Every structure is written in structure tokens, then in C-alpha cells.
Amino acid sequence: MNPALKFLVHLDRRWVFLLMALAVMIPIIWRMEFPEIPTPLVRTVFDRIESLPEGSRILLAFDYDPGSEPELQPMASAWTWHCAKKKHKLYFLALWPVGPQMIQATVDSVLKRDYPQMRYGEDYVNLGYKSGNEGVIKVVVSNLKELYTTDHFGTAINDIPLTRDLVNIRGMDLILNVSAGYPGTKEWIQYASTPYNIPIAGGCTGVQAPLLYPYIPNQMFGLLGAIKGAAEYEKALSDQYPEYARDAAGKRRPEFTKGIERMGPQLIAHCVVLGLIVLGNVILALHRRALRAA
Amino acid sequence: MRRRGRLVEGLIAGLGLLLPVSLAAQPPPMSGAGGAGRIREARDLQEAWEVLSGLISGERLRLHLAQARALLEHHGVSLPAAEWERVHQKLRARDYEQNPDRRKTAQDELTAAVDPIKDALFAALPAVGAFDAPNDDGTKLIVLWRPHAGAQQYLVERLDVRPGRQTNWEQIRTAAPIPGSAFELTDDSRIYPSHRYRYRVSAVDAQGQRTLLGETGEVTATAQWFNFDQLGFLIFVLVLCGAVIVYIQAAQRGVRLTIRKIAGLDAVDEAVGRATEMGRPILFVPGIQDMNDIQTVAGLIVLGRVARVAAEHDAQIEVPTSRSLVMTAARETVATSYLNAGRPDAYDEKKIYYVTDEQFGYVAAVTGTMVREKPATCFYMGSFFAESLILAETANLTGSIQIAGTAQPAQLPFFVAACDYTLIGEEFFAASAYLSGEPQQLGSLKGQDVGKLLVMLFVFVGTVLATLVETAEWRHTVVGDALDYMVQRVLNTGGG
Amino acid sequence: MKRDTIVILLLLAAGAGWLAYRYRSSGVTTGLGYLAIKSDGIPMSVPMHAARELKDATFSWPRTVGIWAAGFFTLAIFSFLYRDNPIYKIAEAAFVGISAAYWMTVGFWAVLVPNLAGKLFPRLIKFGAVPGLDLDKIVEDLARTSWFGWGIDYESANGDGLTAAWWQLMNLPYWLPMILGAMLLWRLAPKGAWIARWPLAFIIGSTVGFRLVGFLGADFVAQIKASIAPLYVPVYDATSGALDFGRTFYQSMNNVLLLAGSFCALLYFFFSLEHKGLAGKVSRVGIWVLMITFGAGFGYTVMGRIALLVGRFEFLVSDWLNVVAR
Amino acid sequence: MKRTVPLIITFLAGVVLIYAYFSPAAAGLSDLSLIHFDILAAIAFLLGGGNLLRMHGEKVYKQQAGWGYSLIAIVAFLTTLGFGLCKVGVTGRPGYWTHLTGAGQAVGLVNLDIADERHTLTLTVRRAEPGSTHAVRLGQREIGQIEVDRDGRGDLVVKYDPPKKMAGEFLKSVREGDTLAVGALLQGTLQRYAPITGDYNQNGSAFWFMYEYGFRPAVQTTFAMLAFYVASAAFRAFRARNIESVLLLGTAFVILLGRTFVGAWISQGLVDPSQAPQNTWEQFLSFWYIPNLTGWLMSVFNTAGNRAIMIGIALGIAATSLRVLLGIDRSYLGSEKG
């Protein structure tokens, strides 16, 4: 066996790690970006939010944690921005214990920055976290106030204009769920959207997406799959509203185009993974031939 | 025709299976009604409400039309036969129309044709009626009233009838009329289960003039003890559980059951033996979920078997857990296994320890342990998430044999790619029965097979029906009805 | 010292040297440091590159130390990829300690206080820790839904939680977890550890009952329902209304494949059938279907995992070291 | 006794919850059991945390190998726990409250919340004489009227409408020690909310620092390591040894292609993305467009496979549950002697 093949057959996987690190690091430093075309699944979600009449009630359920923040925050921000742009009423809610922090971070970075005129309690409300997983969904579809007596900050729910007359979430025009696992989109579909016909769109991590495909389009009208979905959404958003991606001076707003930005390293890293699969099989074939020859 | 759906259920209930429950579920006799209208009993009112909702939504229209006809005739209202024929004709016309524009016209014509039937039903309604919401937990009442010409808004008021206490009418809600729709309102605001309520509805016209439409008698909200929408599903559950139990009993009687080999399970003994030979420990990871996940329970059952083999081979077993309760339960399990293997002295409680509840903190610690102790065998049995591949790849580096079992579909690809053996979904649950070697436990596997047969049967029949409906244009025949019945009634879990 | 240790230390030193040089020469970007601002009383952390644009951002020592700690954790954990080492062990130990305490704290403040103490002694909790607790609502709910309404007079306190007696505010079913919890902790006592099996039996029993019907209802029946689809799906052209052969074939083929695929895969799971003969062939096809499923799952996931790495590297180069000006 | 009672408990708890699924009347039980489980799990933290301390404590005490790391773990654990439970550095909920007391039976409560976006004053008065009206004074200023009345059901209600303009500047001028009085009926002195009323994970608190700069980066980094492992697993395990592995790696390969721009780019000649395929040939071509192919694999094969897996899992869960419920599988219960 020639030494190069021998090296490859017994390749220390730390070389693979190094290759991967470079594949991600270099595009970040060089800021490589690639064009995006919104796919129909993403397009449907965008059009739905776009076409709802001003002041529609939208439930934004943020069921993720810091662990999946890099993957899911871009779509959470884009959705929030879009809904605020269309002057919808936003109801934030979380089934994960750390969800309220994700909500707060989104509110701080999106609403307070671009929509300082939006008032808490009148235009948006953070209902916070309740434990009980899908049990929470089952309760809020029939009686929200049974579980949520206060918002995240401890204000009585009857003192908040947005929630004062809200009996349950069946009155929502749309549910947007950002989900990193259980409980998440699947539970929202099963216990809220399907039984009570509330339209739902999900945004999920790459792992979850295949499991959610069976629900499209009957039980869920659209899906944003991981960072790719977010990038496409950002693209759709900035096509429609140029101010989303660039400020008045025409300067890029990186915090709002994270999805597109992160697709650069993704793409290179993907190619590396693809290359590794090919390389692995080439090694296998050569190794077999070498063994047969020997 | 009218009560066809109920007839079938009644037959089943008649078998004696659920007779006491169904008797208890009879609606209360009195709903009260004011003004004219032929429908008076709560039961009929409820049915009229269901039929009207069906006619308005347009779902399962054929069935609802039949029910409407029976209901009207029952109350002495008969529409000309041509009227009914016309609706069915329009329905067929719409369903078999392929051109989208013409289809839209057909839909409009159909809606127009249904209107006289709706009107007849409206006319038969009492001016205002109320009844207990079906299949609820006793916190809802439904108020239904006849539409009033010229109404801009309806005011719904409620009186809490309390003996010996002065109570007043309180307005619970206002409703804006929706053209062509039934006027109904589900009242779920502060209904007390034991209290009696009366409702009255007034119409407000454009000039702000209020007209009292009527007042209901007393109604009480009761909780139903059984949800009849779920009857089909209950029978499903009973059949499945019955199959499992029958096979378990058959096995106990000594009937020989053959079960195919499951690759990963035959490797368990070998893997434990390897640990003994190499003098290295066995690492057992019971997933990262708590005891309220059935996968963790199944994982612990497997742990019981593995620990027993380990005790017999005198191999060391280490169980880091990510939940306190799992630690507690795992200690009980392993202690029992050592005791049953006759080696209680070899049991070391300290080898089963809690790490942290945090998924990734747990992973960091477990992978650290793997690299330092180089276990001969790693078991991953339970509910896993993103950590699956971190664990599997790290253990691969240290050269351990890895046997995984999980019912998290999302993590199966990683285990399949990186582990030596993977128990996929159902195999993982079968493992606990299979490893025990007790015949009655194997019986339950046969029961699961019956379940799968049942699935295939249902899907097969359903597919045949659906294909017939689609190809032979049999939607408006008994075939279409059968498909509807199967999907909507038998396979109904009631949203629960 | 091993050779690789020296190499790594040299690399780190070179990096630090470069940062120092960059500060000396251009001076614009420091590369270290961290700032905090207060907007309406709520403190907020700002990354350096954003701080320049915000007027009210001020330098903060604790947050500077914090971001270095975060940087340390990031590098220390990544170092495990090279091999196990003392730095990783330090990070691992701290991670375990912090995270265990984190979830205990969350359990205390988000579960025990509101859901246990808040249900048993609501007034105490309202005036002690959670002023937002609505005592009126508690009394009303008890009067409406309590199972003990026949024995306890909730009715007379209804509408006035503030002056209700303590027993009119107490949600009695919540004594059950309290008692079971005490039994669970009995393990710590020298004798009678077996009593801890009772709460375990309760937990396992309720889990098993809840999941049995839950899974059959949500997954099993729902999947059967979803599987029922016609094998022939005529698709008509939207404008002309004529049969669209291509799409009819595509849809019908999908449905046929779907049905055949799931049947084959289901057959693989049959335990009664040895995988021989016809059954063996069909279940082999079933395995193929499963393999395609797993391949798809794997391929789909890669994307997400890389996104996470991107996020981490962004933190390193941008938030911490401020190498990439944004 | 030691074994039978737990078996009975398991059986009863299980049967009750199965029944609760079918009974609207008992549906509340399943929600309750979920909450009860959370409470028990939280109580069990004492066992887990205790075990953690004992395990590492022993190592430190006996100075076993690596005791230094154990010491770090203990210190990190106790520090974070102390910060969290004592809410070190947390500021209370912004605003004031007071308990109103006075002559007669009447009692009252005031909550005055001054927060970022909302200012609310809630005033509750109970056991006052019906039909009476009182002026509400905060410090020197009158801020409204309170009316004690009976409602439609005959229950006593208190109506209080703070003037709309009260929010904002005026409430901000309120200080601790101001007096709030309801006529001559009740009065109380405003005090700040105690620190304990603040959020345990408040930005800037000691616990938050542990979370933000210790917990969060560690979680994210560990999670991010997966990217490396995915690459090495793809390299190592995706080798075409037999039909099964060819299918596994082939599908993964196509999906990977389709999920990035590469897939669309290399197969862009097959479709015109601006319009739907016009004839059967174009439809055939567009089927092979890699993003479409990805979708097809997902919606057909992935769905079929997952369907079989999910049905199997549901059956497995049902059978396992039944075995545990009926006491056939009872290893978790320990033994009679233990």
C-alpha cells in the first residue's frame, strides 16, 4: 500500500476536525455570502403574514433555548420584525423554561430598536413560561387565564389591554412557533392548531424538519427549516422592505441578516461534509483494491 | 338514517360493554325554550345545533343533509322532495367539476340550495334555547337562538338562579350577526357546575332599539363522564390491550411463541462478557429525560437485565444519570438485579450517580468519563436528543462496543451510523421483554404484532375505499359514507 | 512539557501578540474589554463592535471578566476535540456544578414556589415573593372546580381572596406531591428506604397510564388516519380542466410508494416473522426504506449543527476578540 | 407489603389516568399529574444535589486522584446555588406596595408597579360598608374615588378607576414612605418591593452572571462540537459497503446538496424557476431539480419510514406500559428484602 493511502485509511480524525474548523472560520472572517431564493414553503409563510389585515393577533411561541439560539434566533427576529411591520398584535409565550429570555432578547433587539413606538401591553405582550409542556397548550386553547394569571413580569393579566378580553388562543389569527424540540411545533399542531383550526407555521432546527414534513400542508401551512429557512425569509423580507437589511445610510444591518450571513460558512462546511463522504468512499474503494492486489 | 351514526355506537354499547356509561351520559331532559318553534327538547336542540354547524361549515354535507331531513321530518316539517334532490344534485355538480372557475360557481349554487334547508331549521328552533355543552368538563353551556331580522347586535344575558339569594341578570357577551350562520354562543365564563342558569337574548337594531327575543328555562352545566366522540378510539385501545393480555395469558398457560431474533439483543451477553475479559467497566446511559418519559422507564427495565448479566459475569457497571429521580429508580433496579443474581455484596451504589440536569453538562461529564475510563461497552437506552452523536463518536474513539436503543426518531440516524447495534423504535421496547426471557413477556410482543396487523388492515381498507371514491366517482354513495365514517368516527381521538 | 502543548502555547502567544500589535498600531479596535449600558433601568450587555454606536454604553469590569470567562469556557471545551486535558477537566467540573445548581434554582423558583407553596399557602407567597398572585382568582377557581366543595366552604369566600381564611385558599390535591416528596426524601433516613418506592410507583404508574393512551391517540391513530389516501389521484389543469397526466402520475406514484414503503417498513418490525423467504425479502425492502429515512434525517441535521458552530465562532472572533469589525 | 403496595399504586395511578383521557369530567387529572410530577422532580433535586456533593466531597476529603476538579465542581455548585436561591444582586420588582389597615373590619392592598413600559396602580378594598364612597389620596394628592357596592349576584365589589393620565410622570414621582389613604377608612405607607420579588435570572444579578458567562457559553460550545462529530461520522460511517449503506449515504448526500445553494446551482438547467412546468417533459425534468428531489425524498420515503417507526413506537409504548401497569415488569420496584 502506498504511504498516502495508508495515511488516509488510518486518518486521525483530528484532521477532519481541523478541516471543519477552517471551513467555518474562514468564511466568517472573509464574510462570504451566497444568493438565496425563497422556496415555496417559506414563501407561503411570508405571504400569509403579509396578507393578514393590520392588527391581527399572532401568537409567537418561542420554544427554544440558548443551545439552539444560533440556528433559530434569525427566524425569530425576522418573524417578529415582519409582524411588527404589519402592525399585528404580538403575543409571546414559551413552553421552555429559558424561553422568556429568548423572547426578551428578541424584544430588545428587534422591537425596541426598530419599533420604539410599540407599547408593551397594547401592541405586544410577553406571557412568559409555564411548566407542563403540552399540558399548557391543552389549557390555553380552552382557557388562557386558568394558567396565565400574570404575564412574565408578574402583572395581572386582566390589567393588560391585549389580554384582558382574551379567553383562549383560539382567537389567534396565526401561530408562529419557533421550536428546538419537545415540546414544540408537533405539540402545537396536535393540541392547538389541528383540533381548533388555528393556522400554524413552524420554524425548527434541522433535526426536527423531517419529522414535521408529514404535517404539511394540511395541518401546517409553512415551515422554516433551520438557518436556510431563515436566510430565505430574510431574503423575502428585504426584497419587500429594503429597510430591513440596510439602514438609512445604505449600510448593512448585520443583526438582521444573520441567516444570510451564516449561510456562507454553512455552505462551505456542507461542501466539506459532502467532500468527506466522497473521500471516505474513494478511500474505501482504493483500500479494497489495494487489499485485493496484495 | 338520522341516527345512523349513533345506531352503530348504540349496537356496540348494547353489547353491554359500556351500557352503564351510556345511560349516565343521557342529556338532561329540560332545556327550556321561549316563543314558537317546534324543537323543544334539549336533545333535539343539541342535534339541531350539530346539524346546523355541519351545514354551515359544509363538512360531510351528505351526512348532515340526511340528518337535517330526519330531524325536520321528526318535527313535522317537510320540505318538497325536489328541494332535497336539488341540493344533492348541486353537491355532485360541485364535487365533479374540475374547472376552478366553474367550480366556484357550483359552490355558490350549492350554498344557495342549502339556504332553504337552513331556514327551515332556523324556523323550527325555539326563539332562544340553551343546553349543556356535550362532552365537556361541566364548565360550558351553549346558547342557541333564531336569527332576528334587522338585528345589528345581540345581547346575551345570564341569570344565576340561587335559591334564597337576590341575583340580577348580567350581560355576558354581545354577538354580531354573521349572515347565513347560526346564532350560537358557547358560554364558558365563570360557570359553576352546580348552579342553575337562565339565559335571555335581545336583538339591537340600527336605531339602538332592544327587542327581547326570548328567555330559556333553567339549565345546568354537567360534566360528562365519558366522551362519546372517543368511543371508536376506546374500542381500539381495548382491542390492542386485549390482544397483548390474551397472548400473555396464552404464554403463561405454556403455549410456545416464536419470536424472531433481534440482532442488538443477542449482542448484549457478548458485550458484557467482553467487559469482563478486558477488565473494563460497562457504561449505561439511560437517556436524558426524566421518569415521566416512558423511554426512560423502558431503558431502566433494560438496565435491570444488563445489570443482572453483569453481576453474573462479575463485570462493573456504571450509570451516570441526568435526573435525580432516574438515579433513585436506577439504584433500586440495579440493587434488585444484583440481589437476584445472588451477588448483593458486589452492588456499589456509588456507581449510579447524578451528574446534572443540564443536557450538555451531562454530556460533557459522560464523554469525559468515557475518555478516562475507556469502558468496554456502552449502552444508550432511553430518550436522547442532540447528545446522541457526541456520545457515540467519543465512545467510538475509545474503542467501545456500542449498543443503542431509542424511540426518538430524530436521533436514530446518528445511532445507526455510529453504533455497532441499534434498537430502532419498537425494537427498543421489545428489548425489555425479550431480554427477560420470561415467556409471558414475549407474549406482549405477539400482541404488538396484532396491533400492526390491525394498522395494515385499516390502512388497506381505507385506501381501497379512498381509491374507489377518487376513481369511480363514488363519493356520493355508500362507499363515500363508509370512508367518512371510518375516518371521522372510528378513528376519532376526540382531540384529546 | 509535551511537544504539542508547547505548540499550542506558542500559537496562543502569537495570537495574543498579534492582538497587542494591532492595538498598538491602529489603536482603533481594542480586541478586549466589554461594555454595559442601562436603558430604562434595565442593564444590557453590548458587544464591543456595537458599543461604539451607542452613546450610553459604558465600560463594565464585571462584564469584561464575564466575557473572558465565556471565552475560556468556549476554548476549553473545544480543546477536548484535540484530547482530554486539564483545562477541559476544569471547564467540565465548573460546567457540571453551575448547571446542576442552575436547574435546581429554576426548579425552586419556577416550580416549588409558584406550583407547590403558591397552591398551598398562596397568601404567604403573595406577600412574600410573588406580588402578582391573584388571590381572588384562586378562591373563585376553588369554588368552581375543587373536588372538595362538598366538605369545605369555598363559596363564602368567593369574590374576596384577600380576607379569605387560609383553608379557603388551600388547594388540597397539592398535598399529594408534598407527601410523596417527603417519602422520596425518606431515602436519606437510615431506616425504611423502601418507603421511597411508593412515590416512584406513583410516578411510573401515572407516566405509564398517561403515555399509553397519549401515544396511541396522538401517533398511532393519527398515523393510520394520515395513511389513508387514494392510490389514484387525478390532477386537473387549473385553466383548462383537462387531466394533467404528469402530475396525476406523480401524485399517484407518491401515494403508492408511501403506502408500499410504510407497509414494508412495518413488516420489518413484525416480531412473529423470521426474516426468511418472502417476509425476509419484504422486510429487506423495509430496511431500505428505513435507511433512506435515516439518511434524510442525517443530511437534514448537518445544517443545524453547522449553524451552531458558526454561532460559537462568531462569538470568539467578533464578541470576544473583536477581530472582525462589523 | 413492601412490594404489593407499590404495585397497587402503579396500577391505580395508571388506570385513573387512562380513564381521565376518555372522561371530560376527569380530564383535569392528567394535567394535575403532570404538575405533580414536576413538583416531585423538583423535590428530588435534593437527592441528586446531595449525591453530587457527597460524591465530590468524598473525593476532596480523601484527596483521591483529580480531587482538585471535584473541588471546582463543589465550589461552582454551591456558589451558583447560593446566588440563585438568595437572589443575590436582584433588585425587587419595580414599584411599591402597602397593606392598608384602619378602623373597623375593612382591609386593603395597594400594588403600584412602575416598570419599563407600564405603570399600574391596583387598589383592593375588602369588608367595607356597601354604598359608601371614599376619596383616595396618595401623599398630598387626591387620585380618584373608590366606590363600594354590590354587584348583580349580590357580592360586594369595589370599583376604582384611576385617572387615565396617572400613569407616567406622576407615578414616577412617588417615593417610599408616601402614605396612601382611602378616605378615613384605611391607610398605609408605601414600601418598595423586597428583592425577593424580582426575577431570579434578572440581568445583572449574580446568578445571571453565572448563567450568561458560565452556563450559556458552555452549553452552546458543547452543542456546537456536534458539527465536528457530524463531519467525522460522515467520513467514517458513510461508506458504501452494501445496499443499505449505499441508500443511507446516497440519501444523506442528496439532502445535503439540496439544502444549500449548491444543489440548486448544479441542477439549475433543469427548470425555469420563474414559472411552473408546462408539459410532461418539463415536469419530468423538474422532478430531478435537486431541491425538488430533496422535498420528494422527504415527503415520500422519509414520511413512509417515520410512519412505520412512529406506529411501532406507539405500539411498543402501549405494550410496555401495559406490562408495567399489570405488574409483569417490576424490576424498578426493588426486591422484598432490599
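By letter and in written order, the chains are A, B, C and D; residue numbering begins at 1 in each of them.
Everything below uses one rule, namely that contacts are C-beta pairs under 8 Å (C-beta built on N, C-alpha and C of every residue); 3 or more make two chains touch, one makes a residue touch a chain.
Note that this is a predicted model, so its numbers are computed, not measured.
Engineer: Show which chains lie in contact with chain A and also with chain C.
Structural biologist: Looking at chain C and chain A together, the chains touching each of them are B, D.
Engineer: More contacting C-beta pairs: C-D or B-D?
Structural biologist: The comparison resolves to C-D.
Engineer: Taking CA centroids for every chain, report which one is farthest away from chain A.
Structural biologist: B
Engineer: Counting in whole Å, what is the centre-to-centre distance of chain B and chain C, each centre being its mean C-alpha position?
Structural biologist: 24
Engineer: So, what's the distance in Å between the C-alpha centres of chain D and chain C?
Structural biologist: Going by mean C-alpha positions, chain C sits 9 Å from chain D.
Engineer: Taking each chain's centre as its mean C-alpha position, how far apart are chain A and chain D in Å?
Structural biologist: Here chain A and chain D have centroids separated by 18 Å.
Engineer: What positions in chain D touch 2 or more of the other chains?
Structural biologist: In chain D, 18, 21-22, 28, 30, 34-35, 37-38, 40-41, 44-49, 52, 93, 116, 197, 215-216, 218-220, 222-228, 230, 232, 234, 236, 238, 248-249, 252-253, 256, 259-260, 298-299, 302-303, 306-307, 309-313, 315, 317-318, 320-322, 324, 332-334, 338 touch at least two other chains.
Engineer: Counting only residues that touch at least two other chains, what does the list for chain B look like?
Structural biologist: 237, 240, 291-292, 294, 297, 325, 328-329, 332, 354-361, 364, 386, 409-410, 412, 414, 416-417, 424-427, 430, 445, 448, 451-452, 455, 496, in rising order.
Engineer: Counting only residues that touch at least 2 other chains, which ones in chain C make the list?
Structural biologist: Within chain C, residues 44, 77, 80-81, 89, 91-92, 95-96, 98-100, 102-104, 106, 111, 115, 130-131, 145, 184, 187, 197, 200, 203-204, 206-208, 210-213, 215-218, 220, 222-224, 226-227, 259, 262, 266, 269, 290-291, 293-298, 300-303, 305-306, 308-309, 311-312 contact more than one other chain.
Engineer: Thinking of each chain as a vertex joined to the chains it touches, would you call that graph a line, ring, star, complete, or other?
Structural biologist: Shape = complete; every chain linked to every other.
Engineer: Of all residues in chain C, which touch chain B in the complex?
Structural biologist: The touching residues are 77, 80, 83-84, 88-89, 91-92, 95-96, 98-100, 102-104, 140, 143-145, 149, 184, 187, 196-197, 200, 203-204, 206-208, 210-213, 215-218, 220-225, 227-234, 236, 238, 240-242, 259, 262-263, 266, 269-275, 290-291, 293-295, 297-298, 301.
Engineer: Within their complex, state which residues of chain B touch chain D.
Structural biologist: For chain B paired with chain D, touching residues are 135-138, 160, 162, 165-170, 223-227, 230, 234, 237, 240-241, 244-245, 248, 290-292, 294, 297-298, 300-301, 304-305, 323-325, 327-329, 332-333, 335-337, 339-340, 344, 350, 353-361, 363-364, 386, 389-390, 392-394, 396, 407, 409, 412, 414, 416-418, 424-430, 432-433, 436, 438, 440-441, 444-445, 447-448, 451-452, 455, 496.
Engineer: Per the contact definition, I'd like the list of chain A residues that touch chain C in the complex.
Structural biologist: 14, 17, 20, 24-25, 28-29, 31, 67-71, 97, 108, 112, 129, 131, 145-146, 149-150, 153-156, 190, 205-207, 209-210, 214, 225-228, 254, 262, 265-266, 269-270, 273
Engineer: Over in the complex, which chain B residues touch chain A? Could you list them?
Structural biologist: Where chain B meets chain A, its residues are 188-189, 359-360, 385-386, 397, 409-411, 495.
Engineer: Which residues of chain A touch chain B in their complex?
Structural biologist: 13, 67, 142-143, 167, 181, 191, 194-195, 207-208, 210-211
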